[in-house]
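Shared between the two complexes below is chain A, which pairs with chain B and chain C, respectively.
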Partner chain A sequence: MTFPDDQPLVLDSGQTLAPLTLAFETYGSLNADKSNAIVICHALTLDQHVASNNPLTGKPGWWNSMVGPGNIIDTDRFFVICVNVVGGCGGSTGPASINPATGKPWGTDFPVITIHDMVRAQVMLIDHLGIDQLFAVIGGSMGGMQVLAWAVDYPTRVHAAIPIATSYYHSAQNIAFHEVGRQAVMADPDWRGGDYYDAGLDGGPRKGLAVARMAAHITYLSEAALTRKFGRSLQDREKVTYGFDADFQVESYLRHQGITFVDRFDANAYLYITRAMDYFDLAADHNGHLASAFEGVQTRFCVISFTSDWLYSTAEARTIVKALNAAGGNVSFVEIESDKGHDAFLLDEPEMIATLNGFLDARARDCGLPTSAATPNIGVDG
Partner chain B sequence: MTFPDDQPLVLDSGQTLAPLTLAFETYGSLNADKSNAIVICHALTLDQHVASNNPLTGKPGWWNSMVGPGNIIDTDRFFVICVNVVGGCGGSTGPASINPATGKPWGTDFPVITIHDMVRAQVMLIDHLGIDQLFAVIGGSMGGMQVLAWAVDYPTRVHAAIPIATSYYHSAQNIAFHEVGRQAVMADPDWRGGDYYDAGLDGGPRKGLAVARMAAHITYLSEAALTRKFGRSLQDREKVTYGFDADFQVESYLRHQGITFVDRFDANAYLYITRAMDYFDLAADHNGHLASAFEGVQTRFCVISFTSDWLYSTAEARTIVKALNAAGGNVSFVEIESDKGHDAFLLDEPEMIATLNGFLDARARDCGLPTSAATPNIGVDG
Partner chain C sequence: MSPSTDRNDRIRVDLELIAQMIPDGARVLDVGCGDGALLSHLADEKHADARGIEISQAGVNACVRKGLSVVQGDADTDLVDYPSDGFDIVVLSQTLQATHRPATVLAEMLRIGKHAIVSFPNFGHWLVRWKLLTNGRMPETGKLVHSWHSTPNIHLCTLRDFEILATSLGFQVDEAIGVMGDGKAKPITPGSALANLRAEQAIYKLTKV
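Showing the complex of A and B:
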């Protein structure tokens, strides 16, 4: 939907964005008292197609196994909303959108946005839908940052919050990896200072963006996962070629990750979203005291981390949990044993499924909503 | 020195390289029975200037504090040799050298070399110097791989071996990071398929090589080191700029690492040397059995790792130690507590200094060479 010009999105930078378009998907039905809404927040390179085919890639929803009728996030009971983040490239206003002042794509004239801006845009949609309080906000990675921002910025509007595989701030190492990606994009002469939209479908900084994706992708997997998946196995050959072809399967896999990414993602959007993540620091927003950020928050939290996630480590999740406890908050914490690295949150991890199911059922009981007992096919093996 | 055409370097690939030039530095004097020689093997982007100013950068030797008169590697007692690796860009034959068949720089026509080839070239120099057995071979990171290759390929010619912060093979994650760097270089149109030497001093793939260096540099530091050094501190400003300038100090630091690197390193050499490291797998060279690689090796080993090194982890060092034990080898192992990451081997880590001193003294006694007692200023605080 597109909000009228007199309903701009007010950004943390002080700038405003109008008209604001938000691309979103919904699943299930909003109940009569509008108490069964769940917002799912997506990660950096994902989109609003959480449980439906992505029309661009033709691929199934990125959390298809989690969201749907009879699934853990049960669309027979919950009304699920997933909004493409502002600054992105899935249909919401972003750097590839038309700048009304020029009639041309924004490019790098697009204002820098923050995680809080992404959430503020979602609030506009929730207001539009007439929903006072969300039953839950759920998300992994950058989605988890939005979950935290939701609870902190709108403490009365979120009953339950499930931040998964995420952090309350972007560490120096995380910023460093993002900066490598941005420099890879900007080093590509086809980036043209961000003004590449006239160059046709294949005219953008494809090589630079592919390199950025390759570097980032390494951080999404654990060393153990890479070793298990590929080790030093060679690609369709018995011995090394003494050359620079992709001798090793892991090289071929990474190249494929890079090449396919550029077909589905806008390079400028990658710059803007990584910047938003780098800027995220809930503690700094509250004079360096993370606990202060959570002061007065009534939301029930379920924080989930994965042992082998080195991008957003369990240590960072524990810091969130400690701050919530210090602020008198209500929090459950589950560290899940997995060697799959950061991307474990996108996979059918049985312990994550069981945790989500138990927590959502308990919160549903709080709110007088139906529980999973009504849909008997739910469960770890469901 | 340059070997005559009839003394080519025979490579693992089956190709030969002639004439072979080796650039090297020596420190101290070879004793009468030629029993006091130490070869120091350098890491990926380092060079032969281990303890003397680098004429290109004007910077002091990269292990100045370790190597010199009265230092731990005491040039009053030992004859220290450090050779620029073949395939590099410090004066030894590499892709920027003239291909005698064409009279032009080799570029990517240069043959792919391996860690074993690097060592084989060093053996030619050692033979030329008339040295039968080295007292010790010492090196960190890729230097450590050469140390292992020395001991395995020339089991009678190395009395003591000190591989530091290294591994017996390049893991999938390590290959992945190198592949990102190579793709960053190759994505730069100024790379021109490796044929950029005519383009003048500033004509190479500077942007791509800088991105490669930035990505690699992250892997040389631990997350803790990055957090301690930079955290989320801003660069000369009180608040973020809402832009893509280097707001954070860590961004500025990484950009500086990238920019300064391209002034001192040849992009093609970076491709060739990373490839050599990726190909390194001592176990695969011996039917997958690392212990078999060490069968019959008489060398005394001192293996050193650092707790926060995630590039070449302690687990990999332990695998080397176990294989040496299984092969009946003689090995000491020290895991040093440090939060400085992989690059700790380049720093004055007191425990590393003490370990090296103790091990070298014991080996000097084996060989009837003077010990550090003769140079009383050596020690942890020396």
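Showing the complex of A and C:
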């Protein structure tokens, strides 16, 4: 949907964005008292197609196994909303959108956005739908940052918050990896200062963006997962070729990740969204005290981390939990044993599914909503 | 170092006795909550705002699956993160003897909560004394199942020891119950030498003086 010009998105930078277009998907139906809505926040390179085929790639939704009728996030009971982040390239206003002042794509004239801006845009949509309080906000990685921002910025509007595999701030190492990615994009001559949209679908900084994706993808996997998957295995050959072909399977895999990524993602959007993540620091927003961010919070939290996630580690999740405890908040915290690295949150980790199910059922009971007992086909023991 | 291995049927008695000391609707923190048996009971039967800390990840996950508010943490190190007077009651069941610094843990419990409820095995029980006397070896009883070199119970104490520590920290005993060898619960008068012989385990409710 597109909001009228007199309803601009007010950004943290002080700038405003109008008209604001938000691309979103909904699943299930809103109940009469509008109390069963769940917002799912997507990660950096994902989109609003959480449980429906992505029209661009034809692939099933990125959390198809979690969201749907009879699934853990049961669309027979909940009204699920997933919004493409502002600044992205899935249909919401972003750097590839037309700048009304020039009639041409924004490119790098697009204002810098923040995680809080992404959430503020989602609030506009929730307001438009007439929803006062969300039953839950759920998200992994950058989606988890949005979950935290939701609870901190709009504490009365979120009953339950589930930040998964995420952090309350971007560390120097997080920023460093993102900067490598951005520099790879900007070093590609086809980036042309961000003004590449007239070059067609095959134009733009495809090589740079692919390299950015390759570097980032390493951070989503654990060393153990890479070793298990590839080790030093060679790609379709008996021995090394003494050249720079993709001799190793891991090289071939990463190249494939890079090449397929550029077909579905806008390079400038990648710059803007990684910047938004780098700027995220909930503690700094509250004089360096993370606990102050959660002062008086009524939202019930379920924080989930994975043992082998070195991008947003358990230590960072634990800092969030400690701050919530210090603020007298109500928090559950589970660290899930997995060697699959950061991307474990996208996979069917049985322990994560059981945790989500237990937590959502308990919160549904709080709110007088139906629980999963009414959905006997959920494959969860206990 | 989870004390859950010591949790057999006998402990059910201790959890029930603890629950009886907790008023309806209380804000309760269970330190070392295991698989959440007490928390579930308190939430369901006492309408308590019940939360927990548990050191073993398996225990935490089991609790959260049940919908309980539990975080992974260590009684010795993580109580400092909780604000003062945030709870009505802080519970430590069968965990005190496994902590590194029992005095600090007790003091933290009564900083965080108005009351503390602590249950522990009594090392002054007659059978323990008898076994040490007759065998000349560290006693292993129904309650104390580990050999001396592998036990998580590094700070065992008697009722008398506990009472003296509580007093020295400036806490008063509101209520004390002993569980005798036959499984029966009896009120304990602090300072009673007989109770210190007969109680296999004990539950104390403490308050700041």
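Going forward, the second predicted complex is superposed on the first by the 380 of 382 C-alpha atoms of A that agree within 3 Å, B and C clash if a C-alpha of one lies under 4 Å from a C-alpha of the other, contacts with A are read in each partner's own complex, and residues count from 1 in each chain.
By definition in this document, contacts are C-beta pairs under 8 Å (C-beta built on N, C-alpha and C of every residue); 3 or more make two chains touch, one makes a residue touch a chain.
Remember, it's a predicted structure, so these values are computed and weren't measured experimentally.
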item	value
First, second, both or neither for A:250, with chain B first and chain C second	first
Touched partner set for A:237, first chain B, second chain C, both or neither	neither
Which of chain B and chain C A:59 touches, first, second, both or neither	neither
Touching partner for A:321 - first (chain B), second (chain C), both, neither	second
Doubly contacted residues of chain A, that is, touched by chain B and again by chain C	none
Chain A-facing residues of chain C, complex	49, 51, 57, 60-72, 78, 81-83, 86
Interface residues, chain A side, partner chain C - complex	300, 302, 318, 321-322, 325-328, 330-337, 351, 354-355, 357-359, 361-363, 365, 382
Chain A-facing residues of chain B, complex	12-13, 108, 111-112, 169-173, 175-177, 179-180, 182-184, 186-189, 207-208, 210-211, 214-215, 218, 223, 226-227, 229-232, 240, 242-244, 246-248, 250-251, 254-255, 258, 271, 275, 278-279, 281, 284, 310
